[in-house]
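Chains here go by letter, A, B, C, D, E, F and G, matching the order in which they are written, and residues are numbered from 1 within each.
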Amino acid sequence: MVLILAITIGCLFAGAIYLMLRRSVVKLILGLLLLSHGVNLLIFTMGDGVRRGAPPIVDDAGLPPANVADPLVQALILTAIVISFGIMAFVLALAYRANQAVGSDDLDDMIE
Amino acid sequence: MSLFATLMGGLLAVLVISLVLTMARLLIGPSIPDRAVAFDMVMIHVVGIGAITAALTDESILIDAVIVVAVLGFLGTVALARYIEEGGS
Amino acid sequence: MTLIEILAVALTAVGVLFTLISSVGIIRMPDLYTRVHAVGKAGTLGVAGVLLGVAVSFADLLTGVKMLALVAFFFLTAPVATHMLDRAAFITGVRPIPATRPNDLEGAYDRESKRLR
Amino acid sequence: MLVLNLMLAIVWMVLQTSFTWPDFVVGMGVGFAIIGLSEGALRWQGSPAPSPAAGRAHVGYVAFTLRVLGFIWFVIVAIVRSNLEVARIVLSPRHDFRPGIVGVPLDVRSDAGITLLAIVVTITPGTVALDVSSDRQTMYIHAMDVRDVAALRSEIKDEFERRVMEIFP
Amino acid sequence: MLASIVLITLAAAPLGLLARRGPRPLVGWGLALLPAAIFALLLSQLPAVAGEAHITQAIPWAPAMGVELRFTLDGLSLLFGLVISGIGALIFGYAGHYMQSDPGLGRFFVYLILFMGAMLGLVLAGNVLTMFLFWELTSVTSYLLIGYKHDYPDARRGAQQSLLITAGGGLALLVGLLLLGEAARRAGVPPGEAYTFEAIIGAGEAIKAGPLYAPAMILVFLGAFTKSAQFPFHFWLPGAMQAPTPASAFLHSATMVKAGIYLLARLAPGLGGTPLWSGTLVLVGGFTFAFGALVATRKLDIKALLAYTTLSMLGGLVMLIGLGGKYAAEALAVNILAHALYKSALFMIAGIIDHETGTRDLNRLGGLRRFMPGTAAFTALALLSQMGIPVFFGFVGKEIMIEAALQSPLDAPWRYAALAAIVVGAVGYIVAAWRLFKGAFLGQPSPDVLQHHVFDPHLGMLAAPAVPAALSLLLPLGLLPLVSQLLAPAASAVYGKELELELALWHGLNVALGVSAAAILGGALLARFERRLAALPSPLPAWADGARLFDRLTDAMLAGATAFTAAIQAGQLRRYILYTTAAFLCAVGIPLAIYGAASAIPITPDPQLQPYEVFAAALIPVAIVATIRARSRVGAIIAVGVVGAMVSLFFILFSAPDLALTQLLIEVLSTVFLLLVFSVLPARFEILSSPWARARDAAMAALVGLLMTGLVLATAGSDAFGSIAPYFLENSLEKGKGHNVVNVILVDFRGFDTLGEITVLLTALLGIYGLLRMRRASPPPPAPSPSRGEGGQKEGA
Amino acid sequence: MYDSVILRSVSRLMLPILLLLSVFMLLRGHNLPGGGFIGGLVASCAVILQMVAFGPTFARRVLPANYLAMAAVGVIFAASWGLPALLGGQPFLTALWLPEPIPGVGKIGTPVLFDVGVFLTVIGVTTQIALLLSEEPLLFPMERGPARDEGAPRA
Amino acid sequence: MANHLFLPFIVPIFGAALAVLLGQRRPLARAAVLASVLFNVGYGGWLLWLVISGGRLVAQASGWPAPFGISLVADALGATMLLVAALLMLGTLLYGRASTGPIYDSPFYEPLLLLLLLGVSGAFLTGDLFNLYVWFEVLLMASFGLITLGGTRAQLVGGLKYVVLNLFGSTAFLIGCGLIYGLAGTLNMAHLGERMAALRQPGLSTAIAGLFLFAFGSKAAIAPLFFWLPDSYHTPPPAVTAIFSGLMTKVGVYALYRVFGIVLPGELALIAPLILALAGVTMVVGVIGAMAQMNIRRILSFHIVSQIGYSIMGLGLASAAGLAAGLLFTTHVMIVKAALFFLGGAVEQVAGTGDLKKLGGMARREPALATFWFLGILSLAGIPPMSGFFGKLALLQAGVAQGQLLITGVAAGVSLLTFFSMLKIWNEVFWKKSYEDMSKLPRVPLGLLLPGALLVLLSLAIGVGAGPISALSAQAGAQALDLSGYAQAVCGAGGCEAAVSDLMK
């Protein structure tokens, strides 16, 4: 499974970089989105063994289910997702205003 | 593996294949609303896959996730349609 | 396999089947408006089947109630989604196949305000 | 609003999957707060057209309930009846169907009524409610197979709209 | 006491501001009391220095770096200190007259006092870093002095040139000194003392044998040569004549330009005598000596003429240090003093002429002897000393210099080359001096002279050049024993051993006298053809002018910098991303490739792998391709939304419901935001990139993808350590009071992260608010983009 | 003025349900999937749905909160629950729990209250961002043009 | 347990949130911000004193034992940076209050500054790699908001590059966090350091070292990752540029020191030649860029890049002396560059332009400003007795001691070019006669002069007090490379691995 995840991560990164190298601001931002997906999956893969097991929710005795997923990476990804969301919202607003100021969404026009 | 799990797993696989077909529409388009249709279908598939996974793993907590996915599918599709309409094509 | 499990698998299978049919429809139907019909199917019957099947498999009243509520949600929202998609398509100029007859909507939208007269 | 509040409390308990008094109290509290927040939306009469519902006759609770149940049964039957039809169309090797967009004149006036009609039209396969005109006089329906426009119109009006109007005029 | 001299002088700089008001000549002479007092104080130390060799005083500063304020007074420092303070006193008084009507005189005096303090610090320093500190300070203060008249472009250019050359040399010097310190440390000197002159000279033999000697010395030479205007770094000195004349007289005759000489002389006993040392110094010094003298004969501007004779003499001094030996040490001491005396007098006289006539151009002057007899007399005294005419102090210097060349321990060719340089220099001095005197004072008064009411200056002003000019004659006529007493400790310090110095006007008929006489004769002969000599075409091609070359060099550097910067910093974000991606590939990929970590990637079959998982994974690339290929904005946005949905599907399949929910919620919100923002843009993308660019980008992207895949596989395959995650599972309920471990981590175990995270959200909101609601600063937005369906169909596949 | 009766009716119905869902997701988060982030995001989705159906003006009217202040208050609220421990000489954010669970709500401790702060912040930030973007004159065409006045809901 | 370590977080968080809440009541909001910054200045000084006298201080967030919870660690390196950051922020705040312009009146300007300080302080104090990421994002987000606040075309266009290229760095950082967790199974820096030191997988850990070099290098604007800086730094108002110059890239430098000192102890030696090469290229490219500019702030911005080369050189020398020298230099440059941006900004504000061709005559008009500017130039060029001399000297000494003569020579040469391009400003703005009539322009208000002047005097004071300061930086350099001491302070006498085996069943 790690192999499949790794290939998926590679695809996400490749797609992200390709999109970011386009001239459209929109594609740039979509690339950033893909990039953050790639990173999230990467952290996920780094968990304590990627398992199909149970979600990290302990029972009433405080014991985790057998074959439980790594909770720490999940918490880290959650934090990362929310942070990148905040940043993405800012980037969107910035791109909108830049587009408005320049009158084009072509990055090559966005030069002083 | 129990027969139930095998059958459910099979159904899950069918659902994933169905999702592949939906993806084809996403690729083909040709119009933007076509892609929005594909998006809606993807979300519906996520609901289905989530539900079946819940049954397979006997994790009722996944059901709550499925509820939220359903809500989001609706919101996403409606918003998409809304802005397609405003944006023109 | 218990009876409950058989029932669960059967209901799920119906749901999956309808979803699959919808996907096939999405590929095969000639224009967007007919494809949207397929979405309606998946969004209602397909999902309903799967959800009910899963609800049965849990054999738990409260999960069942939740699932029923979710099915109701889909029945409530799927038509709104199809309506919105169709409407967006029509307003943005996605033409139905020529065989669509009658087409009472032709020219019924005001292009400026995007309102339906 | 009390009804809504009670309903929200019940939904709360369903979500909690726990039916105890404390849950009910919390549910009522949460519901109360939510209603306070969303009252503006709930009370809004969005339709610019005057609602004729004001003068409708009072329908008894039992009769109303029976009508609703009958309506649900009708819908289920309609779904089952025409689903196979759609499956046939989708899976058939040739496209031998004749789609059409049909405007259906409406008698139902209330927001809820129009919405319910649209929902019913859509979840019964073969037809999709496409849009409702701004003056609320016409609902446009996309049908998969229109052989007889008049028959379709009358089916919608007689089968669906009539039953909807029994619940929401 | 030594530290007080330096620090009090520096601290006294604000006293210069007294010159803003009040009778300026009086303030000038009043300020001169400060250097005069220092002169007296230093002179009082002569017996002690002659006896005990030195007085040392150290104030700790940054001991860890070897930086301290260490001052040492020995014969050499004393000589320099006396020259600085003595000439300084005269200059201060002179400046008060010379710049009587200059509104900025206060500032000028501040700079001048600072400079003097720095110069005193430099020559009194007992630690190379202390010396360097003041070395830099002299560069900076001299910059301010040269650029004093900064409204004139020439002044700014001259100041900048001199600063760049001397500060550049200073940097070389610093590295050289650090290398010396390091070498001393390697030779066993304790780190705290490694930078003292004493230690470096003491460890001289070890340093000379070590590998750091050659680089260190080359760097030190660079520092000394630039500061002392040795060829080919000489050109800043004539340019520095933009300074007001009092500053030129002080800096460029007597003090700053001799700092390099001072340093070389200071290091000579420990580090001198090697072929590198002697060869470099004799060659560079000798050439500069001859070259400066020859160029001086052709100059028409009095200050330029003096500048070239100055740099010539500096060359001579460098050459002497290179020659080595007893006589060279003595010659050095004598010539330093002799040159300081006559050259400061001449500079001040040049100022007087300029002041009275408004020009320094010898072609526009003439006949001044009639109007300024006093000035003419003192000029003659100073010039005769420069010419090395017997009984003047310059003659004493020249004699002993010739002796030094003849008696040098170097091989004969070096000695004869040095002798030749001396002869050429001496001849040149005579011609140049004659040229100056004749051009300014003899002949018929020129119209320029007649226009002005030219008189001898006020006595207070004339006194300043008169004293050193007179001393040029007085010292040899009766004061020679006293002078010998003064110079002997200095010569000893340079020689490294105690030596007896007995100066005399008459050594008998020896070779030196013969050479000297021949030089005077030749000079007198050539002086007759002075005009014709000057009219000869310059032997150097026009481009070889150092100052112009330097300007060309800086211009070329600026042009190159502009072109280079325009090339790399072109403003195109795409190119930056491309470079950045390439850097990423290198930074991560190269170590991975070098160490062959990729071969460690474990690819083991996963028995649990389900076919639907493979399918689900395969859908992500499909959605990515859909994103890339989408020709409409909304289409691309939808496709990206689907990618997000598929990622959350992954999270569902892999038991991360919290993640799946958050991911999906964020996905939908992002999609809505994207739609909101980009609904104003044209609906369709236009293909803007060339096929080549697309292929290049695709290759780059593929490489990144491959790298990431490899990295993930390699890392996930490593199981060297157990994770700390089980701790959270174990303690979630008992200590964290929650079943959902992820949430307990978020709000408790790592609640601090979450606090930061919501702060990010709040910050993002503030930023967005600022962006969208703060537009007063921006020009009105242009007309709504010409988009929305019609016209500009844009963007890049 | 956007005028789909169908969308509006359903969206209005969804509002209380989604808000309920959001509170639900918040409170159970400590024990089951959910928590402040998810709850807050669901609540924002509820508001955004109204925005999509009715336009931002209406969305502001139905939920007349100062979202910027809500975000700031959320941060203060969350951080405040780290202070009791600090005042008691323990590290910042150290959990303090009431000994007994509150009926209907569950165990109450500073981490849970901290999560409420997160919830408020997330609602405030996401909703405010959505409103800011949608109130851009160019960004929400449904609110401009001749039909603009009709957007105002009746009191 | 030093629970007061939380205060520099808590106070700015509350201060910023309160200032947002009090947005309409401006005096109160401003008071909240000023009080918070003043607190952090005072606290920073106190903390530094504590650290100098008593060694490292540690606190565990939420009370969980290291390495499971998040540790806060204050050592000489972090405490020094904390204090300088707060001081610069105080200067920026006062400068902004003396300035006029719509941005300074924005209700978000000061809260964003405070949040920037929060993020920076967090980064200097945290002992957890992922938590470092979080505080990095806080400061980054605040910087995004600040650099675009006001929204002129130049700001938007420059800001977009700033944001996107910085996101590259953030992403790489996050990837690094993930990978290193995958390798070592922990996030606490001390624990990571122990485990990475024990790990014998040279390829992977070197690749991760490269990744962190990329991540923090792009924050620090080393070549070839600096492109965002010169394109954006001159666009916001001068106060913002000043604080950016003081803090932003320096946090990247700090993170490089910290990560290569503690987290990847074995990799520094391997990757040091690369770092030195990059340091040299950074110095040269930055100064070349500066020479090409004709605008005050653009010149200063390119110099930031060049000076980052020096900071990185300290790391690349891979010795305690090198790190100490790097810290000394970095601190110096933080102070002096902020001062120069303040002073240059004052000129710009009064004259309405930063274009060298249009300016002139400032030496006569503003002698005090000119004096401080000249002293600032001297400091930047490393002329004694300003702080710059000691920074440069320490670096050159460390370079000579390590036998790295090439980079030492490059560093010395570049400092001459720095001087050259700074003299260009001096010549054009201060010495040159002004073409236009400058007498109509207003005088520079004292409030605009004071922050820069005080910082220049601080630079002088650092030079004069170089003895204790170099001792402090030596302590910081030694601490920054002392993994076992760090781990013992964080996890207890046995180190982190022992703590883990004690605490996990």
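Rule of thumb we're sticking to: a residue touches a chain if its C-beta (ideal position, glycine included) is under 8 Å from a C-beta of that chain, and two chains touch if they have at least 3 such contacts.
Everything numeric in this text was worked out from a predicted model, so none of it was measured.
For the interfaces E-G and E-F, the C-beta contact count is higher for E-G. Relative to chain B, the chain whose mean Cα position lies farthest away is E. Chain B and chain F have Cα centroids lying 26 Å from one another. One inter-chain figure worth recording: chain B and chain E are separated by 69 Å, centre to centre, where each centre is the mean of the chain's CA atoms. Chain centres here are Cα means. That of chain C falls 77 Å from that of chain E. As a whole-number value, the distance joining the C-alpha centres of chain D and chain G reads 62 Å. Those residues of chain A in touch with two or more other chains are numbered 20, 28, 42, 45-48, 52, 54-55, 57, 72-73, 78-79, 82-83, 86-87, 89-90, 92-97, 100-101, 110-112. Chain B has residues 15, 17, 19, 32, 36, 38, 57, 59, 61-62, 64-65, 67-68, 71-72, 74-75, 78-80, 82, 84, 86-89 in contact with two or more other chains.
Annotation for chain D: residues 11, 15, 118-119, 129, 131-132, 134 touch two or more other chains. Every residue of chain E that touches chain G in the complex is listed here, in rising order: 60-67, 129, 132-133, 136-137, 140, 147, 150-151, 156, 160, 163-164, 167-168, 171-172, 174-175, 178-179, 181-182, 215, 554, 557-558, 560-562, 564-566, 568-569, 571, 573, 576-577, 579-580, 582-584, 586-592, 594-598, 600, 708, 711-712, 714-716, 718, 720-728, 730, 748-753, 755-757, 759-760, 762-764, 766-771, 774-779.
Partner chain F is touched in their complex by these residues of chain A: 55, 57, 78, 82, 86, 89, 92-93, 96, 100.
Chain E meets chain A in the complex at residues 570-574, 577-578, 581, 603, 606, 608-609, 613-614, 617, 620-621, 624-625, 627-628, 633, 636-637, 640, 643-644, 647, 650-651, 653-659, 662-663, 666, 669-670, 673-674, 677-678, 680-682, 685, 688-689, 697-698, 700-702, 704-710, 712-713, 715-717, 722-726, 728-730, 732-734, 739-742, 745-746, 749-750, 753-754, 757, 760-761, 763-765, 767-768, 771-772, 778, 781-782, 785-786, 792, 794-797. Taken in their complex, chain C has these residues touching chain D: 18, 21-22, 24-25, 28-31, 33-34, 36-38, 40-41, 44-45, 62-63, 65-66, 69, 75-76, 78-80, 82-83, 86-87, 90, 96-97, 99-106, 108, 115-117. Residues of chain F that touch chain G in their complex: 68-69, 71-73, 75-76, 79, 82-83, 85-86, 89-95.
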